[in-house]
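A quick write-up on the structure given underneath.
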Amino acid sequence: MSGMTFDHSKKTDFVAIGRLCIDLNANEINRPMELTSTFTKYVGGSPANIAVGMARLGMRAGFVGKVADDQMGRFITGYLERCGIETSGVTTDRTGAVTGLAFTEIKSPAECSILMYRDNVADLKLRPEEVPEALIAGTKMLLISGTALAASPSREAVFLAIEYARRHGAAVAFDLDYRPYTWSTEAETAVYYNLAAEKCDIIVGTREEFDMMERFERNPERLDGITAAKWFNHAARIVVIKHGKDGSIAYTEDGASHRAVSYPANVVKTFGAGDSYAAGFLYGLMQGWDISRCMSFGSAAACIVISSHSCSEAMPSAEQVHDYIARCERGEITASQI
Amino acid sequence: MSGMTFDHSKKTDFVAIGRLCIDLNANEINRPMELTSTFTKYVGGSPANIAVGMARLGMRAGFVGKVADDQMGRFITGYLERCGIETSGVTTDRTGAVTGLAFTEIKSPAECSILMYRDNVADLKLRPEEVPEALIAGTKMLLISGTALAASPSREAVFLAIEYARRHGAAVAFDLDYRPYTWSTEAETAVYYNLAAEKCDIIVGTREEFDMMERFERNPERLDGITAAKWFNHAARIVVIKHGKDGSIAYTEDGASHRAVSYPANVVKTFGAGDSYAAGFLYGLMQGWDISRCMSFGSAAACIVISSHSCSEAMPSAEQVHDYIARCERGEITASQI
Amino acid sequence: MSGMTFDHSKKTDFVAIGRLCIDLNANEINRPMELTSTFTKYVGGSPANIAVGMARLGMRAGFVGKVADDQMGRFITGYLERCGIETSGVTTDRTGAVTGLAFTEIKSPAECSILMYRDNVADLKLRPEEVPEALIAGTKMLLISGTALAASPSREAVFLAIEYARRHGAAVAFDLDYRPYTWSTEAETAVYYNLAAEKCDIIVGTREEFDMMERFERNPERLDGITAAKWFNHAARIVVIKHGKDGSIAYTEDGASHRAVSYPANVVKTFGAGDSYAAGFLYGLMQGWDISRCMSFGSAAACIVISSHSCSEAMPSAEQVHDYIARCERGEITASQI
Amino acid sequence: MSGMTFDHSKKTDFVAIGRLCIDLNANEINRPMELTSTFTKYVGGSPANIAVGMARLGMRAGFVGKVADDQMGRFITGYLERCGIETSGVTTDRTGAVTGLAFTEIKSPAECSILMYRDNVADLKLRPEEVPEALIAGTKMLLISGTALAASPSREAVFLAIEYARRHGAAVAFDLDYRPYTWSTEAETAVYYNLAAEKCDIIVGTREEFDMMERFERNPERLDGITAAKWFNHAARIVVIKHGKDGSIAYTEDGASHRAVSYPANVVKTFGAGDSYAAGFLYGLMQGWDISRCMSFGSAAACIVISSHSCSEAMPSAEQVHDYIARCERGEITASQI
């Protein structure tokens, strides 16, 4: 058991707040973008992907965010709705902001890069007054994502959403999702990440992201134990620290640490691995599974996404994940393991 | 005869300065962009299209501009070079600017719109110090485009380029190309457009663009005659005023006005009509043709471009234009006329 | 007894962080500024005034802030040093920022206004990396002031200073000091004020300032009891709510409320009343006095300041305050009471 | 004779456009500003000083500019009106801009410096739409000042004012007044200064200012002759180039150059020398005097201003200037000559 419990009287399972953008994935892969000529459009952004993932897994999900007043914005809202996600918390910018874009380049399964358009983006224009207290009051879990803390007024909207979640007993999960290009300085990032993380029940990030947050502290050997203990002194119940190829470790309040089983995958690209993992892991927690099983389920979901061309569109159903695990266990999937 | 003569001792025919960007044309046409899913990438931007058009027509062309330090920027420079355009005047931004984007939506041949990304774009970062005096000194004609006047330091770079052109005897053509979204106010636009146009030999724009420039003057009936006379009091030799469906009229210093023959076309979209017309018209002037023939050649070039999916990529060779005119004259092309 | 205790092993009594600026007080009073012609220069800014007040009362004080690299900045640092305030935490801006200015206009003792210069001011350029952990570790009390939360990077510097204070056992006092003109929106203000106040031991502000902080909460009757209870659920030990002419009330964790004796004064202007009150009140707490005596001492200090032309320069010594109280008690001061 | 003639049917002699600000002159002189404590307030800004100077000399003067919506702004407008200057062209900012400030420091007569407040200043918010064509149409001379070209929308307002002046036959005088701190880059400055100067009848500046304008030209030996000839190829009739201690030289279209008699002065500070010189010189031109006499009259006016504590307030009447010259000629003023 994860130690986490959720308020089952609430009608919504999961609400994410933050970035909504467009992925433009090069159709011609295994070459630099200078040599690609066509792109396919998908809904993207880490919290959007996770929300789509949760909905695909059968959770009743909602979103709080802001879209541009243009074709891209309407495409995003329409897509979320087609996924069954509640969009009453998605407002439309009226100041002329644009939709964030991410052009993806896949030179090889291991060499993927993203060309971002993040100037004057609608998602960072979300204002505190636009955060719907009732939607958050009615959900079991709120997911926040670090990028939404990068600028005003989105940053204030996220802090208010956390306040509403705590006021009304929703668990708060924080996907660190640190993207340096949206921030002015590392010092600024560290300050706001800490202010947010202090109030969260579940914190998920890479070792490097936790290092960035410890910029004004002493943890010279970058020990997970010191990191996890810090957060258990605040509100945290679970801290997941990802060590790249060395796998992820989930720490719990009781002092235990947990690792996942890993699965093979036919990797097309690495984009979307973290988002599908997060969706799978949080889904598991909401099922009341033990932590290791949650992590394994997240890993299998990630394998499915990285074997496909898109992120949001490739998010699997629970049945697909269970089936993937079963096939791996039967030795039917034996390709390159990540 | 147009009355324009060019210095044939110069080795470059044509240099354009200004916007270099990317067109992302929806592959699925005749529907709103919310319902499109793939896009094809082309080099775009009005002066870029005209320069490509001139090169395709056989002119020795060059470009002065600035591209982002990313895959899009490298794609643009590479494309210009493949077209045979001299790119020593194209510098690379190092401040983190992005490449301007234009997503095109074709709802019907008559209903086309563009979704622009113009925040923090590299083309407007061109600095005066980066304008190569030698390249401009060595060209017969310099083309400037209104959008490059919209912001500093690009605006100053254009004024300096005009100064260099006049110092060294290059004719200056001004394609008004007024795009409201890049400007703060109409009053600001009017001031800089006038300061630039006063120094130009050839001015090409729509009636509405000339109206905008006359914001602080008296021409209540919007008479072409008053407009043209004003510019002949400055440096102008030819003033082309476009009246949409009523066709274009070219005014010359001698008081004459000229109209073009028009040709039928199978219109896919209207994007690129103005740029291909400009390339054809300026090409004609450089051949020493009379004004009406220049205009007709421009019209035929435009017909070819609007019958295709792209702009830059569809720019015709001189042979293609001559052939198109011949086929029209033989009655072989009879479709919808624009 | 106030219930507050301080770590007497620490060598510094008091460190303030935030605004350092210049007051330019019109020498000709009781007229609009259009009719004044000369101004006298003083060091100003709420936390600067309080630090000067504490030093004048005999406390070992220090300051963390940033000054412009000009004559005004050097004047400020020099003045603090002449007051005996430790300035190792005062850094100098190198980006061309200016010193904030406050031109004061005294139309009548009751009609005072301020004309502020707050664009590109040095005090808001203080960066987190410039906050000296050792200075804060060595002080009994840290004072923060709301204006320093108005913009980055000063806001982040203040949050880090609070973190250092808590890490090292310094009490944190928060003078709300809300100045609307430095903020973008009230929603933004509310969010950051709450994030800071949650971590403070002592919170001092007007009823209106607490209302602003409750923007996203329910306290329709604006009851002090609800307000105070909220903060006692966080870190607060003392909450002082000022009700203008109706006096101030200090609330303590034990559920008690406290009021001050008030004193008569010959009011010249109202500027500086709050800052001198804060200095006197905090001084009293550090002497271990009971809350009511602290409040009365603050009131008497305020009476002295508002009877003079300046703020910082008029901050009294402890002897002056005791003497003022004694004279009031003997009926020697009988003028207009505020 | 200067060769300049003015349209005597016009009812206004002189209109200046541009900066209106406040000088705060330290009352304690011959020391650094760190050691001064009081300041006296005056109207300042180069074109404001010149307009006051012209009014004091008996000219019917007007002003086109913008003031802040505060006590400083109202003080400025009131002062201009008390000087008899037409202020219908002075609008009030409504965006929260402030009045520019110049704190002056007089360490010695030869060591004077200025601490400027130029962020978000009202004078640079003047919009083209606010430039009154009728006022400019009715004046004999328009004075523009370089600082007003430093930012939008003031820059556009100045270009439009020049256009109105030329349309209606007003002479245009350009006081280069280059203040580096208001400009982004020297290249930008050079471009706009040239665009403006090309349309001016009278250009007055230091050798260094003309060098800055020739940044993209060839005049390696910095020869006045090359400089003057350039401007006579445009609209200029008189070009005055100041060589500091070596005196000023006025060049005229006929190829002649002119120098002034110089006078002794008891120098208090050097501020205001250029503005009083400009007022005296332009006044002389409007009297129809020969160039050398205009220059000498300007020099004497400057001597009077630099012998006093203020700039605008010290601007002399014509009688005072004539009297000063007479006393110098009688040997009654023998002090340090500048």
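By letter and in written order, the chains are A, B, C and D; residue numbering begins at 1 in each of them.
The criterion applied here is as follows: contacts are C-beta pairs under 8 Å (C-beta built on N, C-alpha and C of every residue); 3 or more make two chains touch, one makes a residue touch a chain.
Keep in mind that what you see is a predicted model, and the values were worked out from it rather than measured.
With every chain reduced to the mean of its CA atoms, the largest distance from chain C is reached by B.
Between the CA-based centres of chain B and chain D the separation comes to 42 Å, rounded to the whole angstrom.
Computed from the mean C-alpha positions, the centre of chain B lies at a distance of 61 Å from the centre of chain C. Annotation for chain B: no residues touch two or more other chains.
Contact between chains, per the stated criterion, is found for A-B, A-C, B-D, C-D. Those residues of chain A lying in contact with chain C across their complex are 127-129, 133, 152-153, 156, 159-160, 163, 184-185, 187-188, 190-192, 194-195, 216.
Residues 24, 27, 32-34, 36-41, 70-72, 74-75, 78, 96, 98, 101, 103, 105, 115, 117, 119-120 of chain B are the ones touching chain A in the complex.
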